[in-house]
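Structures are listed in the sections that come next.
Look for chain A in each of the two complexes below; its partner is chain B in the first and chain C in the second.
Moving on, here comes the complex of A and B:
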């Protein structure tokens, strides 16, 4: 006796559902697939080395001002809705894994300039559902604000707090704190519901200029901020790292951050 | 049908009201606005592409620009004339066409188009 038409259709339908669903589930969970879809860094890896022996609060403040001015980042005067591309933090917050009771005097209360680390293995890019943030071939973790839907997965994914969310229209930031906003007519602003962060000044790099914080810091203290290509063994950053001991923020997380801090 | 007369009269009035704008505007077409050129744009004579192309396809060109600049980091555009342009709405387009209200908005309003470029991209101040 053969199989009835009704039973055949039932079995065929069920197996089709299982096949499709199972395949999707497998693909979703298959490890390494996300990494494989990211473009590989082709011999270029932009990095920054910050010499903490030379950096002062004044330098950090000047860098922050210049950066936020150049990228139209408004000041809200409220840490809850704060937008920051580069900011200052104490040692214990910048390096919570290195902190202990007896941190050296000159380090304990020193302000550290923090910014996006442009990780070689960026968790923010893994979690972005729209591809609005991704790693360029030169290592820069770039953002496409046209595509950002404001889900803030990247903010949850970033262990460095490098990303800020536009809780309101940046154009509506308090006028008394931002008298001449937007400050740079050559750069766009962002809009409500978009995440933003440091982009290593890729628009300046394209013109052959250094990131604005590097330029600004070096005006005050030469070589306090060093920017270069880690892939090139003769680059200024590689030379600085060969010569001095430097630490990175939370390297144990495996994100492979590309901002180095020379300590003492 | 109960109250047939009232219903039919009501329907006629209702449909009449609904169609009244069409009767009101029948026969007179609103003229399409002509984009106004600034002296700087007039002087330049050529845009990054021929005018008829720009008129029909500026949105595709801008979309292509934003895609290639942001995603691929290709920041320069070679026009068919061989001239290189920096691909930027704010820096290049609005430099000549600094009169957004007369150059962009007029037509966009006419066809009921509301592009969200200006949510982020800064519009130059216009002297009115």
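Moving on, here comes the complex of A and C:
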């Protein structure tokens, strides 16, 4: 066997993109993304590594805008009924168990992008009475908005506050805040009374595209968000984790979150 | 036997109509909630369960407590409770019906309720809660009805009913254990992550339920010719005293573990509930009311003379009901969500429509309870006559 399946796919995919995309294909394959961008439908344990040395408030804002636009997440302008798939929190709230009086200046007031951790041992899936939220074989924690009964057990079960409930009809979100809702006709809108959250852009992965936040972040600062397969020792995420010290949110709970934050 | 429910005094009908009006108001509010969504409640992304689920929790306890009159009679052959087991069983029916309705009004997508059965997920405790609650409902309907029918005919109930009765005893414990597991198994909710959650639930159930039953028994004695009996009331008083002391003991154990260990996550909810956190303390007056009534109840229940005197026992029972309701039907569920996973404080307070829906469900429960007790008491009066 001269060539591994993975390497074959990589080369085959690369050639395909080169053939189809030409220059555009080259641009997609900036360093750090090569491994992830190809067999994007073949991952075994998807993970995201967020390099906090590179992330800025602007990046988080752009990621949030792009994500919410791509997934028809309306803005209600009211924290009580707020829906969010990716958002910003200060260090002390993102990592309440790591917080102390003398946290480094650059970290203390820095905004951290938070999203669903796509835990390897997700409590939300365990508690869901209908299987409306479940884990795919590649680790992505998915939502079936057509099966969810809106019991909100998953919201009580999630230790990361990553789940949003449609307290009102998303279609009736204030027009002045959502002038062109639904923003993406190719993505489903949700109905009143179901829970929703980040799905690691499964719809984009299926098309061989990176999650939209990763794409947006990398437009501004290369490799600020890295997405790849933890099961592959040569993947970009594994390389990044080998090289830099990274932390996860509340690892002591045994949920095994798959979003990592490189601190410094 | 149902016909007994159709003959009654004007006071009986007036009470039923009053309850129907409350149910109607609650139903109208529910239709509004169904149309515009749960945003009309005080719940939020941070406190995602509120009054509905906390009433469910409280009432599962009331339902389970029926076993406190069933168990002594059937397992210990304590004959005196033979007179009132039916009251315990019928109270359980009304309480479970309220529980089921509270789950339903809390759902975001009620029309999809059957997904729990169509796509069963036994890893979810809610699945098991559905099984044990419905099972307990069916058991109590079958047992209560058949035992009462046999009593009316002056015969002994059949053996299969006896089998069901024996099954219903551990089943009663199971409903409240499973309900405790809804909370006790969640990572990251430190307030609920305690192995004594189920024992605590059972202890509070076995004082609050019998306290309600005792108060109702006193009402029944006052308005009908059926006397639940002096000895029965006195024994119930003893059960309530023990269960309430254990309940408070468990509560203090939680306080000790949290505050001696000094682990912030374990202390925060208690601090929020009793003192307020970050300047938010809506529940603090309620929690101190709980403490006040708990002390009143403890004093009246521990001193033998006040426990044995029916007037003071009734006051003690009212104090037990108030304090356990605040502790479990308010503080326990809301406290679990505050502070939120980001250690921020977002408070919850129910809205008017939410309270009216809650009252509507309670009214439904009291309606069923009244009708069932009317039937039971009428038959007991006939048999006695």
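Everything that follows uses one rule, which is that the second predicted complex is superposed on the first by the 221 of 264 C-alpha atoms of A that agree within 3 Å, B and C clash if a C-alpha of one lies under 4 Å from a C-alpha of the other, contacts with A are read in each partner's own complex, and residues count from 1 in each chain.
Convention: a contact is a pair of C-beta atoms (placed from the backbone, for glycine too) under 8 Å apart; a residue touches a chain by one contact, two chains touch by 3 or more.
Model, not experiment: these values are computed from the prediction.
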Do chain B and chain C fit side by side on chain A in the superposed arrangement, or is it a clash?
fit
Touching A:136 in the superposition: chain B (first), chain C (second), both, neither?
first
Between chain B (first) and chain C (second), which does A:126 come into contact with in this model arrangement: first, second, both, or neither?
second
Taking the superposition on A as described, I'd like to know which of chain B and chain C A:149 touches: first, second, both or neither.
second
Under the stated touch criterion, which partner chain does A:250 make contact with: chain B (first), chain C (second), both, or neither?
second
Of chain B and chain C, the partner touching more residues of chain A is C
For A:165, is the partner it touches chain B (first), chain C (second), both, or none of the two (neither)?
second
Mind working out whether A:89 is in touch with chain B, chain C, both or neither, as first, second, both or neither?
second
One more residue to check, A:186. First (chain B), second (chain C), both or neither?
first
Look at the superposition and give the distance in whole angstrom between the closest pair of CA atoms, one from chain B and one from chain C.
11
Could you list which residues of chain A make contact with chain B in one structure and with chain C in the other?
191
Chain A partner contacts - residues on chain C that touch it in the complex:
36-39, 43-46, 48-49, 103, 106-110, 112-113, 115-116, 118-119, 121, 123-127, 130, 182-183, 185-189, 336-337, 340-344, 346
Using the touch definition from the top, list the residues of chain A that touch chain C in their complex.
79-82, 89, 92-94, 96, 123, 126-132, 147-153, 155-161, 163-169, 191-195, 250, 253-255
Residue numbers on chain A that touch chain B, as the complex places them
72, 136, 142, 144-146, 182, 185-191, 202, 206
Would you pull the chain B residues touching chain A in the complex into a rising list?
66, 70-71, 73, 75, 88, 90-91, 116, 119-122, 124
